[in-house]
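Look at the two complexes coming up: subunit A is in both, with subunit B in one and subunit C in the other.
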Partner chain A sequence: MRATESPPRAGGPTGERPAERRSPGPARVALRHRLAERGIDRQLLLLAPAALFVLVLFVYPFGYGVGLSFQPAEGGPFGAYQEFFSDPYQRDTIWTTLKLSLPAALLNVAASVPIAYRMRGRFRGKRLLTTVLVVPITLGTVLTAQGLLNFLGPTGWFNRILLGVGLADEPVRLTNNYWGVFFSIVITGFPFAFLLVLSYLSGIDPSLERAAATLGAGWWQRFRRITLPLLAPGLATTFCLTFVLAFSVFPSAILVGDPAGTTRVISIAAYEAAYVRYDYPMAATIAVLMGLVELLVIAAVLGWRALLYTGSTAGGKG
Partner chain B sequence: MGAVTAPAPRRRRLVARPAAWLIWGVVAFFFVNLAGVIGSVLVSSFGDRWYDTWLPQGWTTRWYGQSWQEFGLFQVLLVTLEVSLLVVGISVLVGVPAAYVLARRSFPGRRLLYLLFLLPILMPPITYGIPLATVLYKYGFAGHLSGVVLANLVPSVPFVILTMTPFIEQIDPAVERAARMCGAGTRQIFVRILAPLLTPGILAASILVLVRTVGMFELTFLTAGPDSQTLVVALYYSMSAAGIRAQQSIDAMAVIYTTMMLVLLVIALRFVNPTQLVARVREDVD
Partner chain C sequence: MSFAELRLEGVTRSFAGHDALTELSLTVRRGEFIALLGPSGCGKSTALNCLAGLLPLTRGSIWSDETRLDTVPAEKRGFGMVFQNYALFPHMSVRRNVAFGLQMRRLPRAEVRRRTEEAIRLVRLEEHAGKLPGQLSGGQQQRVAIARAVVLEPALVLMDEPLSNLDAKLRLEMRTEIRRLHQSLGLTTVYVTHDQEEALSLADRLVVLREGRVQQIGTPEELHTRPANWHVADFMGYRNLLRLRAESGGGPEVVVTGQGMRLVGTPVGPVSAGAEVIAGVRPEDLRITGPDESVPATVEVVEYQGREVAVEARTAEGVQFNLRTDQRPALGDRIGIGVDPARLLVFPLTEPAEQSEQSGQSEQSGQSGDGPAPDVVAGSSTDAPVEAAPDSSAETAVDEPAGGGSR
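Then we have the complex of A and B:
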């Protein structure tokens, strides 16, 4: 890659150009021309700082981590991986994480579709609604955790209402277990999924549906045959992004969850290995496995997406 | 309080189908709970003593002063500001030229590069944060402001690139060609043609990066030292060490954080469409 070249903004001062073209020998000009024909010239150097950043701060550390994961203190190159998979306390974190993140991501996407379908038109207060929905995304997981602890706790408002209405005889335990983390994922993830689905839905030309309606298609047929197939690739993307959000759940799993038991997600295991036990090869191993599992799920979803229709949803002439 | 009265959504027709009622009900339920989550923190931070009642027994503002002093919030806010401004500045300076090339040019390896820029956004921060923190500790960056800034740049630079690319694609390349015909170099084109045209886009991208950086927990948490904590990380530490300090002073800190985020959000929404905060939207499809 062109990242190795040093001057970051060598776009070239203006006046030089004609002079330069005259001075170098014909061989250099020819090479430059041939490269320029393939789309390589000095303007690409504008990419260099960004590419350098990604290489130094993302690719190199990641490679370093992968290297580290093959150099545990004992047990040969695959020692850390063997240790991870032979210890149920570590191995089960994968399952725990998937058990939390897959249903939560599915719920977020599945709930967004009908709501966004209902609200894709114009109505009063739409901007207010979307604005309010952005709030939980910006609040972040830490604040949501604090709020959930107060709101869903044994003496919180939610349990008071349940007790007052008579739906429960004693406070329902909703924090410091699976459900606390689940709700935290839904509160931050649902608005995110909803806004994405809404943006995909408003990209679909409504005249396609109107045309179907003219031909006598009912509400369900229009949704099933027209909207859903056009929306499906967007849904796959939304699911992936929501899943990434849910899969990397970390602060709320500790704060509103049960970090030693039912919500000991894989990021907690990685964090513990690095910052509690100072076992960096193990931490790198868990981080690599975490990335692998996540990419596997995403690859599966995107692979399924590749089978679907991709292309313009704007319809009409063109 | 907010938990009892739902912000009832407006309807055009009074007679709606059951499906519509159900959907509005779900939305209302979500908002009621959201109001409860935020409201309970807010009420608690102003509450005097709150055990087993609907509302606290009395009202006070002393928790704010207490948490301001106990957690050294001035220092923390200062660090938060420094980190986010540095991250925004650097990521815009690095990201916009790259976005320009990616938007305008085709060259061998373009798709690969695009994928490379996409990966830091697609991966959970913990997966690359832990190796990154290890590397940053090895070279002595972590534990200081510089380490926090470097770590936060990893998702921010690609984020600027990905949000700016469509903005640049919208600008008619004929304008640049005309400038080139008149003898402008790449730098002049950037400063005198593109920068004025791109200002709204750059502003939007910077605010989005600002919001993300202030709210970014994992990367800051993994690389911050005691004097380089941002507000989220300080909030997390005070929460996970609960029991030492009064619950209300943590709530007060959470409210300070919320207020800061909401102010940022209000500023952001002046420049950005709400849906744009999460996705690039095809606007004005009617």
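Then we have the complex of A and C:
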């Protein structure tokens, strides 16, 4: 287009109008149009405050932290990393955290699917039920921890009932250990998983399952062959989000966990490095490692997601 | 599980206390093409979903010969269904979409493959068999949906407005395609549409529904020439509906007067002298006479429609007439409008209000019920749409050359 316009400009006045008037006009307009077509125009300036915000409050601290992790007091640039991995007390926190967060995220996603599946349609009391399922978001970790201690603790209702009925001879330990933290993560993570899965499910055209039914598919086959494949990319995304939430668990690991032993998660290690030993490079190292582990898990899940069908979930036109 | 006849007995479906479909009784014979016709919200899709097993009945029953069917879940009925939005599985290729039903039947792999390829060939999509539905055009998606439904050789094929998402030209092509498949595969088809032209051209028998109630069941010719009441007439292209009063009654012809005119027509249903009536006539059954004969009127709008023109004329009393003619009247011409008494149908106005209530309709549907002889397949059914087309001018403009060319 532009190439065909430029020759008359170079070759002098060929049209009715003089070349001087004609040539600068199209060129200037063309450049602005070309930029606009790529989404570059003056409205882009509206992004500036947000970009500045991200730069100052995220990129800079992040870069500073990464830089800090390479400046330990002793042992060269990788000294802090070597120290972390050579000390089992530190190193094992990765495994401890994964052992908590992976099953919890998996359970949250898995439990959300059937509940959301049943709640797709319209029915009476749907709003109430959704509210009840989502309320834990508003509670906060501390309140949840307190509730767990009251309910599942050694003298809590759950154990008192077990003892009263005679199902157990001594209180079942469900708090201040792995399970206490696990329950806490599940309770706080479930609403996110549920809301996400519900919205993904609602996006799947209900006539697809009806079509499958007329083709002879029973409910399990309809779910297995139609709904699940269309939902799977959404489940992968949901898993990533709930996993990240669970991986950075901190308060409940202390409140309802066993912070010196079985639930000494990686964020506790970072906290200790920073505010107990004042070893900032080590704390930064642990923070960087947290991010790396999360990235690895997310990359694995998204890699699997890339193999799935991720297009439209509508049944066709209309 | 094929059947000799499929019976719907008093099929009723209500939503939240409101009857969407009331007492639908219908017998579908093997090999028939039945169209359920009516304006949107008339209950035709509800009827289809009840038949497919996607909606439970509120009352009534469905019988396949002597087997009760309405208690059988959709996946066990063995009916094929084509959805309005096609409902193709977006994550499966055309081939896997078509094979889905066969795989659900646990047929041997070789047979699944053979029948899938055969069905794809039938709808001429061989080159697109490996594509996902999202990569196909609307017409191709439509054909996949049809192939997927017929590959199982179902006892009954249900189609829910399958052509409504296509453009006018493609709609005509697919219409012929559907009729061709119906005949060549020996299918039994129940087809839902709001397009009277589509229904007339495709179906052996039509069921006209209004507000969930059957208005008339009959062959295309019966519906075209003898609508049972003025609602059906309105829907079948009788665009000129005049509210008049009967002067005489009881005879084979009836004189109707009012709004400054006096016409002779044929009564449909009980018309007594002095009763309020609705007189209906198609635009193409009106003819232009000299300005002082019959009903004088002034030409207000002339629309070009190929060989003919559609004329809108208004009488001195303000009554508007729509007519089609091969003459070319000019704007503002004074014309006379004449009508053959046999073509002016005079219907009783069941209730004083323009919109008659459901109670009035139930009596009518009782009268017009299941009577008509279903075995007569109207020979003129394929010619019907061109005549019946006056309704929407855009449709007709497209229909005219295509219809003329192919027939």
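Keep this in mind: the second predicted complex is superposed on the first by the 279 of 318 C-alpha atoms of A that agree within 3 Å, B and C clash if a C-alpha of one lies under 4 Å from a C-alpha of the other, contacts with A are read in each partner's own complex, and residues count from 1 in each chain.
To be clear about the criterion, a residue touches a chain if its C-beta (ideal position, glycine included) is under 8 Å from a C-beta of that chain, and two chains touch if they have at least 3 such contacts.
A quick note: this is a predicted structure, and the numbers were derived from the prediction, not measured.
Visitor: Put the two structures on top of each other at subunit A: do subunit B and subunit C fit, or clash?
Guide: Aligned on subunit A, subunit C fits beside subunit B.
Visitor: Is A:F151 touching anything from subunit B or subunit C once the two structures are fitted on A? First, second, both or neither.
Guide: The answer is first: A:F151 touches subunit B but not subunit C.
Visitor: Let me test your reading of the model: by the given contact rule, A:V59 touches which partner, first (subunit B), second (subunit C), both or neither?
Guide: A:V59: touches subunit B, not subunit C.
Visitor: Tell me which partner A:D205 touches in the superposition: subunit B (first), subunit C (second), both or neither.
Guide: both
Visitor: With the two structures laid over each other on chain A, which partner does A:I187 touch: subunit B (first), subunit C (second), both, or neither?
Guide: first
Visitor: Looking at subunit A, which partner touches more of its residues: subunit C or subunit B?
Guide: B
Visitor: Check whether A:V134 is in contact with subunit B, with subunit C, with both or with neither, and answer first, second, both or neither.
Guide: So A:V134 only meets subunit B here.
Visitor: Just to be sure I read the superposition right, which of the two partners does A:A217 touch: subunit B = first, subunit C = second, or both, or neither?
Guide: Once the two structures are laid over each other on A, A:A217 reaches subunit C alone.
Visitor: Once both complexes sit on top of each other, what is the least C-alpha distance from subunit B to subunit C, rounded to whole angstrom?
Guide: Checking C-alpha atoms only, subunit B sits 13 Å from subunit C at its nearest point.
Visitor: Which subunit A residues are contacted by subunit C in one complex and by subunit B in the other?
Guide: The answer is residues 205, 314 of subunit A.
Visitor: Note which residues of subunit C are touching subunit A in the complex, please.
Guide: The contact residues of subunit C facing subunit A are 52-54, 73-81, 83-91, 100-101, 104-105, 132-134, 138, 141, 145, 148-149, 152, 158, 164-165.
Visitor: Any idea which subunit A residues touch subunit B in the complex?
Guide: For subunit A paired with subunit B, touching residues are 1, 9, 11-14, 17, 38-40, 43-44, 46-47, 49-51, 53-54, 57-62, 64-66, 68, 111, 114-115, 118, 123-125, 127, 129-148, 150-151, 155-158, 160-161, 187, 190, 192, 195-196, 198-200, 202-206, 240, 244, 247-248, 250-251, 254-255, 267, 270-271, 274-275, 280, 283-284, 287-288, 290-291, 294, 298, 314.
Visitor: Spell out the part of subunit B that touches subunit A in their complex, as residue ranges.
Guide: The contact residues of subunit B facing subunit A are 1, 3, 9-10, 12, 19-20, 23, 26-27, 30-31, 33-34, 36-41, 44, 51-52, 54, 93-95, 97-98, 100-102, 105-109, 113, 116-117, 119-120, 122-128, 130-136, 150-151, 153-154, 157-158, 161, 183-188, 190, 211, 215, 217-218, 221-222, 232, 235-236, 239-240, 250-251, 254, 257-258, 261-262, 264-265, 269, 274-275, 277-282, 285-286.
Visitor: Any idea which subunit A residues touch subunit C in the complex?
Guide: 205, 207-208, 210-218, 221, 225-226, 229-230, 309, 311-318
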